[in-house]
Amino acid sequence: MYVLARRLVFYAVTAYVAITVNFFLPHMMPGDPVETMIASTGGQLDSRSVEALKAQFGVGTGQSLWSQYWHYWGQLFQGDLGISISKYPSTVAQTIGSALWWTVILVGTATVLSFIFGTLIGALVGWRRGSVLDSVLPVATFFQAIPYFFLATVLLYLFAEKSHIFPNADFKSYDTNNYVIGWNPGFLGSAISHALLPALTIVIASIAGWIVGMRNMMVTTMDEDYVLVAQAKGLPKGRVIYYAARNAVLPSISSFANALSFVVAGSLLTELVFSYQGIGSLLLSAVQSEDYPLIQGIFLIITFAVLAANLFADTVYVLLDPRTRQEA
Amino acid sequence: MNAPVLEISDLSVDYGFGPDAVHAVADATLTLRSGEVLGLAGESGSGKSTLAYAVTRLLREPGVITGGSAVFHGDDGPRDLFEMDGEEIRALRWSQISVVFQSAMNSLNPVFTVGNQLTDVLRAHRRGMSRSERRARAAELLDMVGITEDRLRSFPHELSGGMRQRVMIAMALALEPRVLVMDEPTTALDVVTQREILQELGGLRERLGFAVLFITHDLSLLVELADSIAVMYAGRIVEHAPAEALFRTPRHPYTEGLLNSFPALHGERVVMTGIPGSPPDLRGLPAGCSFNPRCAHAVDACKETAPRLLPISWEPAEPRRAACLLQTDGFQAPASLTRTGLRAEEIGSTR
Amino acid sequence: MRILRNRKTLVGLILLAVFVFVGVFGPTLAPYPPLELVGKPWESPSSAHWFGTTQEGYDVWSQFLNGARSILIVSFLSGVIATALSVIIGVAAGYFGGLADNFLSMLANIFLVLPALPFLIVINSYLPAGNKASTALMAAIISVTGWAWGARVLRSQTLSLRKRDFVDASGIIGERAWRIILFEIVPNLVPVIAASFLFTTLYAMGTYVALTFVGAVDVNSPWSWGSMLFWSQSDQAAESGGWVWFAAPGIAVALLGTALALLNFGIDEFINPRLRAAGLTRKGLRQAGLGRRSTLGLTPVVRRTAAAAAAPADPTVIVEETV
């Protein structure tokens, strides 16, 4: 548990760094952030929103950078991420909130599926080394090298636009004309059918990493004596593979952090291609409309989500590897 | 003599395949008798571990068995282990032949508890047992080697080296096998622990009556422990005799050299002779007898003909064999290799 | 060199060479500049325009040939910078330990966890428009997010090397720290550094293409395959029949990535000998009459042929190395 506490502290520090960078970035760029924003909307902000923006960015209020910084923190703790320029007058928090769930469900499910199937396949490929299964590796590598968005576009074209198997040609995350958000079967069905292609994209593009990582670790683990002992004990083959895999999977879990960063990147692009209304699409439209408060808000939220996922992975690791539970 | 439980005949094992293969074991013939301890001694690289693992079909890649047979006398009668398929071998593994590996730290799975690793064989081979029965049996096994029951919940990294080795032994005896193969089980331990474990092993043998194939590079260990000893050199068995006979009256120059390499704790100080030179590279063995370059008694014939493991020509009734030309008809072995029935004190080289 | 014997590495190298060729000579070989009106919109591939034309009437083949250079420059430059950073930080952390290690490790972990693409998008969005076109700046920014993984790996390798006797010996005879690092430790790390370099370059390439595709960097200058992807996507190329316009750069990126990944594979197998096919290859097994590779826990039994067995006690066997 000591280990987990240390990780928690680390994540807190990272969050702090992210928030600080987020604050200082606009101030490091040449020019006045608020002026830039006003200009980008063509001067169409009323004086009250300009005041609000200035308050948020601490411009022209005569406050020192430090007090602006503290002010920023205060706002954060109140859940105030500022006001969105492009979606004015919605706040950033509101805008993000409506998009966040879509992304979490899509990316979360796809990542979990990719991890599970990837490690299973990797374990098998590693176990049956030298057999036909080895050819899975270069194929998987090729798919991993394909940019997410390219794969997404191909899949979109083939399965949605050309053949209408999936409904994604309407470029939404569910059929807005017929269904209302809620726990009704029509909406759920539509949401799921819209989510399948993007999820498939993410899975195909990311699974290779898990397969290769697990396979390499499996091959290394099979060299260990305890795997030979398991065979010597006359245990059934499935059990022996499980004994080896249970050890081999540990590095995959600990490298989850790195992997997640890639998945987040890929999901962003996938959402763009499918016009799936999640955080990714939101971020990109925010960039295009130079909606700085929204950009910063999204970046923070994504960072926090990634940190939370990492903490989860760390917990799983501690549960699976008894050696970490030794009090230092 | 007891009935044989494992008969190895003309076993040959290679590493690799084709013309580049390395002959790790060549034409080995051994018999392990029920309830007895057969010691397999030799230097690193002599092939002793290779032999033992090959017999149990546990040899890792690129090991290949290229000849011979290993007949095991189990519950279903004599069967050649090399003629059996995977499922048959799996069934008799651990329940009839079990193995204690060399390094217990690496042999125990780090992510499972000790109890789990003791009961998994019960789950695999004794389907009828209930969970509490398995647990009780696991506790009983630990008690047999002097470990408390609460350790069932421990993980391997929480145990000391001696305890881990004891767990390995308990694990190996879980199904009360006929044969226990032990690969240098005490090499990594200090001498005190070593002694304790060997004593426990002796007690367990008396209780349960299993046979032991004990592999070691330490010949002196085998003196008290083994009933018979086989000495290996460069992949071949060069001498096989009852323990005391081998110790007091060696018939092969290599055995003689080994015995002369141990200083005695008591008695006069003597000049250590040892064996000049170093073990050969298995990829480039000398012509004729593999030992001849280092042998103090070699003659010209030794460079041409490779000796076979045969009974001693001048004492054919004795249950011992040696692979030395000097012990065959037409040759005269030196005095040191033809001693008979001397008492321990006159040699002064036992521990 | 033994590395080159590995088939994967060879394929990777050849592919990479092709792309480097395109990168160096592409712009010269291209018939037109990428953004010059030279034909009717949406022309299919023909002898005049090998890859057809875009929605505006630009030549796709020229766009394609021009697209490799900036990607290669940014990727490799970024790889170099990031690897240099990772070597400095990773080895220093591993060698000096203590407070420096704690701090540097924390730094590396922060950058590892921070989601890279959103971070880069944010940075790029704040850049003044002119700077968004600079290749060198791009490379530098991307490498900021790419050094952490290599640093972590190098740190753990350095840690284990440091405990080895030969490093101790150097310290005892009075070698100074930087000399020990440079002459004793780093030479042993070369394979790991090489693998890290390839991996980082691959990452940089993917990130740069993604950033261009998304529009976070200047889409028209420098021209890259990412630009092609951006424009073909926004002009709905797939639906309008200009599928080559969007397929060619995508496949090219995938192949370049595969080339780097294959090279990485090869080096991985070189570093970790257990991953190499050892001893019994499939060909050898088939010669022996065995079905497939032996599984762990069941040593195969292969009887020697009668001819070979006829010479029983001939131990004069001089053979070559097996692996």
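Which chain is which? They are A, B and C, in the order written, and residues in each are numbered from 1.
Throughout what follows, a residue touches a chain if its C-beta (ideal position, glycine included) is under 8 Å from a C-beta of that chain, and two chains touch if they have at least 3 such contacts.
Everything numeric in this text was worked out from a predicted model, so none of it was measured.
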- prompt: Which pairing of chains gives the most C-beta pairs in contact?
  reply: A-C
- line: Most central chain, judged by mean Cα position vs. mean of all protein Cα atoms, is C
Query: How big is the gap, in whole Å, between where the Cα atoms of chain A centre and where those of chain C centre?
result: 23
- prompt: Distance-wise, how many Å sit between the C-alpha centres of chain A and chain B, to the nearest whole number?
  reply: 56
Chain B-chain C separation of Cα centroids, rounded to whole Å: 50
Task: Pull out every residue in chain C that's touching 2 or more other chains.
output: 280, 295-298
Task: Quick one: which residues in chain A touch 2 or more of the other chains?
output: 228, 231-232
Field: Touching two or more other chains - residue numbers and ranges from chain B
entry: 58, 60, 89
- prompt: Can you list the chain C residues touching chain A in their complex?
  reply: 8, 106, 109-110, 112-119, 121-123, 125-128, 149, 202, 206-207, 209-210, 213-216, 229, 233, 238-239, 243, 246-247, 250-251, 253-258, 260-262, 265, 268, 272, 274-275, 277, 280-282, 292-293, 295-298
- prompt: Within the complex, which stretch of chain A touches chain C?
  reply: 10-11, 13-14, 17-18, 22, 25-26, 28-31, 128-131, 137-138, 141-142, 144-150, 153-154, 156-157, 161, 216, 219-220, 222-223, 227-228, 231-232, 240, 257-258, 260-261, 264-265, 268-269, 272-273, 283-284, 287-288, 290, 292, 295-296, 298-299, 302-303, 306-307, 310
Residue ranges of chain C in contact with chain B within the complex: 278-280, 284-285, 287-288, 294-304, 309, 312-322
Task: Please name which positions on chain B make contact with chain A in the complex.
output: 56, 58, 60, 89-95, 98-99, 101-103, 106-112, 120-121, 124-125, 155, 157-158, 171
Field: Complex interface listing, chain B residues touching chain C
entry: 12, 15-23, 26-27, 53-54, 57-67, 82, 86, 89, 234, 283-288, 290, 305-306, 308
